[in-house]
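Notes follow the structure.
Chain naming follows the written order as A, B, C, D and E, and within any one chain the residues start at number 1.
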């Protein structure tokens, strides 16, 4: 295997007495698609927060491309190419949908510290934003104030913002939760497109098992803050604990099928 | 009595006075998040009404009662007519409460004139007792006692009833509180009025300590109230008490030993505390 | 007798005409599912019933009484529980306090129900002293449901409960709904068709602020065309 | 589309021309003085709007910068008795303001919301106390009188045009800033700070820059204020002065840039008018009362300030952006 | 409002009214003082014009503006008076800062600025210009009055207690000079934060110092608490206490505990025995339903001085008035006030009094111990001009 793009060693975070992420050693190879599953409260989102810098670990390290990034701030990690979407929608509520995405485009495009040039001069940011909004089926709503979007539409906006950042490494936290049945496939297609472009490494947290199985090269299972298993979808799905404690009866078909 | 002990006692007494102003604000600002610049003016109204009734009836107790009621009424009206639509909107609150502050202060001048009014201690609380052979004013012991009573009372109210959590929840998401079947507006009105009542109560109790009242009394004391709440941790009631005590004691010692910097000490302490621990001493990080 | 009848709801938010004539009839003891794509107006419908975005026109008749125009807290006190789509967790309050604020009357029956929900969602017991804002996404969802289930409600309005829940928990929620159905009536907004079809009795489909379909779950389950037409899925 | 109504150049040109005509229409020196003070306060409030309306931070210490400007000019000119050092004094003020903004910003900008407000309040109080205590240098409460200014400024009409030009230039400058990519970033910070961070922006740097720009502009306004008054005392560091900026900005409309100009005009003239009337009509004797009522009326009927509320009414058709004065962030990261 | 023309209205012969522009505190912390002085001013003009309100055949018109105690507002208002209303004379203010800010305008527009009751020495010192005249006493006159008397009658060693402010420091400095000149000594200076509510430790420190006299300079609202605590701690049994006696409201606020307190005062309506004061007391009672107060006398005298000055100069021209007023003696509420040639400060009688309980008064009445002559209390000349 090539040098892992991301590697954690003994990654741990403790809140009071509760150890939410517990000694996780985890590696991700470049240009792969890994899904993280696990019961509610297993520490998946917390794990993402440690990778993207929202939280500082109480123990262990995070390395990207061999470089230790444990001490870096959120924005520095983003600049290194880690982009994430949030499980609970996290947008600019009082800006328009377009401006939300434009801000992200500007973040990677540079020029943000120019005090005097008019923002309209940076037309290409706006074009890029429009293009991405079309991709997530929000093109009709680009002038709406973000907080007025319905829940599902906010999720799409979240994804468009992430795409605008052009991250090398994407952390997707339940991107399709609350999205309508009809539109989930389109978003899956967008994600699949990213995967197939071969330029991105993707980590996905999802409870929709069929989607996970459909997309992933690798599956990792978090249980109670510990990395329980890491392997191919087939290996993981046959794990008994995953069966009984996570999937329950509903997905019997999905696994055997 | 050693000087240190004397200073310490005085510090506690001063802290207790600050606390009496801060306690209502700690509900209105600390819990409900209303930047209430009219709080000091309500405090002053309490003191003036209390003084008027005390002078008319000769009963300090009636004065306290009347002052407190005045505060409750003012608070109720303020909340009902003005503050209500602007919860969570600090910018509007600033303008609104500054306006109310001006109106209330001018109101005092209209009713009682712009000049000083003397506020005598009730006879029973006048004089000094000897603590370790040095004199210590009885009234100061009284304020310490009152401060303690209020601390315990309000603490019980907030922890033993649902009011504390309803307010905290209501500030964050009033809609959801309503959807849970609670008339959040009424609770807010009540708490606001209660906070104002506490301020007014504090005003009457503090009056004799000041010795005299002037219409701008509120403004002068309000800053300290904000400071102790921030130092203790916004929304943290015991924190406000701790902050008051701390500021009271430090201010007393500084005023004695280093009067040159005493003026700056409370704001400087606030700055230091915030830089060192932004959420306040007892506050929790959000 | 119909427990909740919604007739011709017209709801505006600011000057936007969001609901343009939504009608529902909710029969007691049944689970009524509202389906529709993002932005169809499902959430707004529930909010209009709760009085959170009062309708400008139309009637909401609950238990024989017109309740449109009542403030939300009065509506809630009539025995209507609401699980909002954004969970509505008070982030500065602990789980315990979040439960405490929800409980309308502390009696033996409530105690019993509290035990029931805590058994249903044991995670909450573990996180009992944690701040609501620190919960995981799924835990928030559980807490939000627990708050609604703990009271003696005659009607529950639940907005996308399965969102963010592990499959096994979804299953438990479904079981719980079947259990709750025995004593309460439920209106459910759901995007997870598996779940919706598992528990639903009656179905309404909304689109663009209108009711576009009304029928039973059995009909939908068997009718691929219907599913394609309104839900864009083929399962 | 964005606030076309007020930031439209044609419209602004018209206002500018109208203001240019004032000295030719009226010979009242007093009116000119009033307008000069409106212009200076307008610049001061606009600088505040950059913080409050665009970056979303409520500073209770803005007067620090105004005071620095006022004192630089006052002290330098009166100590040296060299009126022509005015530009040097303003330069010193601007550099000083930038440095102080940097220091205060570093210490306090990491702290959020009301806590930030309270730290800045503390700093302002410290400046006030220092200027009181160091009265040999600052003149203390009695102040420095007889500040000598270049004779040029003694001609009220010339001063009027300088002040007007100053306002116009500062307005254009700040408008450019808020519309630049930098300004856009500030507005995003106002809306959701940690989200901006996770987009890869170094939020602290942007906030610092905004505080510095705002401080420098305020310092210039303060410097010219001393030129107008020929007097400076500790009042320039008093809480009242910050409240002035706050009021003018809020009254005019937070986050509109043109609003503070309107606010400065309304407050200055209302203040003058009410206090003048008070000495003529006994029932207006307590004129401050009516001033207080004015605030309340504005909040109740123009919740987003005069311009902000009017602009909102216009914009609804376009369905465009929102400059909510105070966005409550309910969403958390997790 | 009509825009005033810029034409010169100084011509003495015209029948235009004489306009006196007053800038003082009608709101803010010093409102009470401003009002006292204004009432005095009105009565002074009435008195000096024999009730006609006419001088040299011209009406005297008062235009009053409120400065709220803020220099910035004071400047604005003074400008308005000078430029808009074309006043001939400026008068005010309750705040020394405001007066200092207005002083340069008087010079710029060459108009007399009759200061009262602002007391800062600098106004007739560092901040002096030739158009400034002051009927009010300045801080040095206060300390000269009290200091000399105290050393001669109360004791030789002093503890000076003052607020920790510019006022407190300069006041103490003035007292120190006088006391030392008179052969006394300030053993200890205590500066107390101006917002102090609790003076016990300072008072105890003072008692422990074993000095003869506790000398208090206090301005502002804390004073009442201070004197109540002095009474409560029975300081007066251990040492003498002296201070500047405040206005009636201030005395009232001190409470009965202050009985026996000796100190200096610039005016109390019961002290002067002359026809001007009798007239003032009578008319003040009639017009305002209260006796005149601490600062009414200065305003009253300012009114008289303005009228007498114009009569003497036959003009309202600033420079002519300066010549007329310089060295002039005015018969005011306290007797003779003389504007010194050098700094235009009016030297005037001052009083040493004792607070005593009297029937029919709900406050302690200042009763005369000694009247000091204008020369006895003449302050040093500190302006460089």
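General observations
Assume a contact is a pair of C-beta atoms (placed from the backbone, for glycine too) under 8 Å apart; a residue touches a chain by one contact, two chains touch by 3 or more.
Chain identities (UniProt): A = Branched-chain amino acid ABC transporter substrate-binding protein; B = ABC transporter permease; C = Branched-chain amino acid ABC transporter ATP-binding protein; D = Branched-chain amino acid ABC transporter permease.
Note that this is a predicted model, so its numbers are computed, not measured.
Chains that touch both chain A and chain B are the following: C, D.
With steps allowed only between chains in touch, the distance from chain C over to chain E comes to 2. More inter-chain C-beta contacts link the pair B-D than the other of B-D and B-C. With centres taken as mean Cα positions, chain D sits 43 Å from chain A.
Centroids of chain C and chain D (each the mean of its C-alpha atoms) stand 49 Å apart. Measuring from the averaged C-alpha position of chain B to that of chain E gives a distance of 36 Å.
Put simply, the C-alpha centre of chain A and that of chain E have 75 angstrom between them.
Across the assembly, chain B contributes 109, 172-173, 260, 263 as residues in contact with two or more other chains.
Residue positions 45, 87-88 of chain A are each in touch with at least two other chains. Contact residues on chain E toward chain D in their complex (touch as defined above): 3-6, 26-27, 63-66, 68, 70-73, 75-77, 79-80, 83-84, 96-97, 100-101, 103-104, 120, 122, 127, 165-167. Listed in rising order, the residues of chain D touching chain E in the complex are 26-31, 33-34, 37, 132, 135, 140-143, 145-146, 229-231, 233, 235, 240, 272, 275-276, 278-279, 285-288. Residue ranges of chain B in contact with chain C, taken from their complex: 162, 165-166, 168-169, 172-173, 175-184, 235, 286. In the complex of the two chains, the chain D residues touching chain A come out as 176-177, 179-185, 187-188, 191-192, 194-203, 205-206, 209, 213, 318-324, 327, 329, 331-334.
Within the complex, the chain C residues that touch chain B are 50, 52, 71-74, 76-77, 82, 84, 88, 90-93, 97-98, 100-102, 104, 133, 147, 151.
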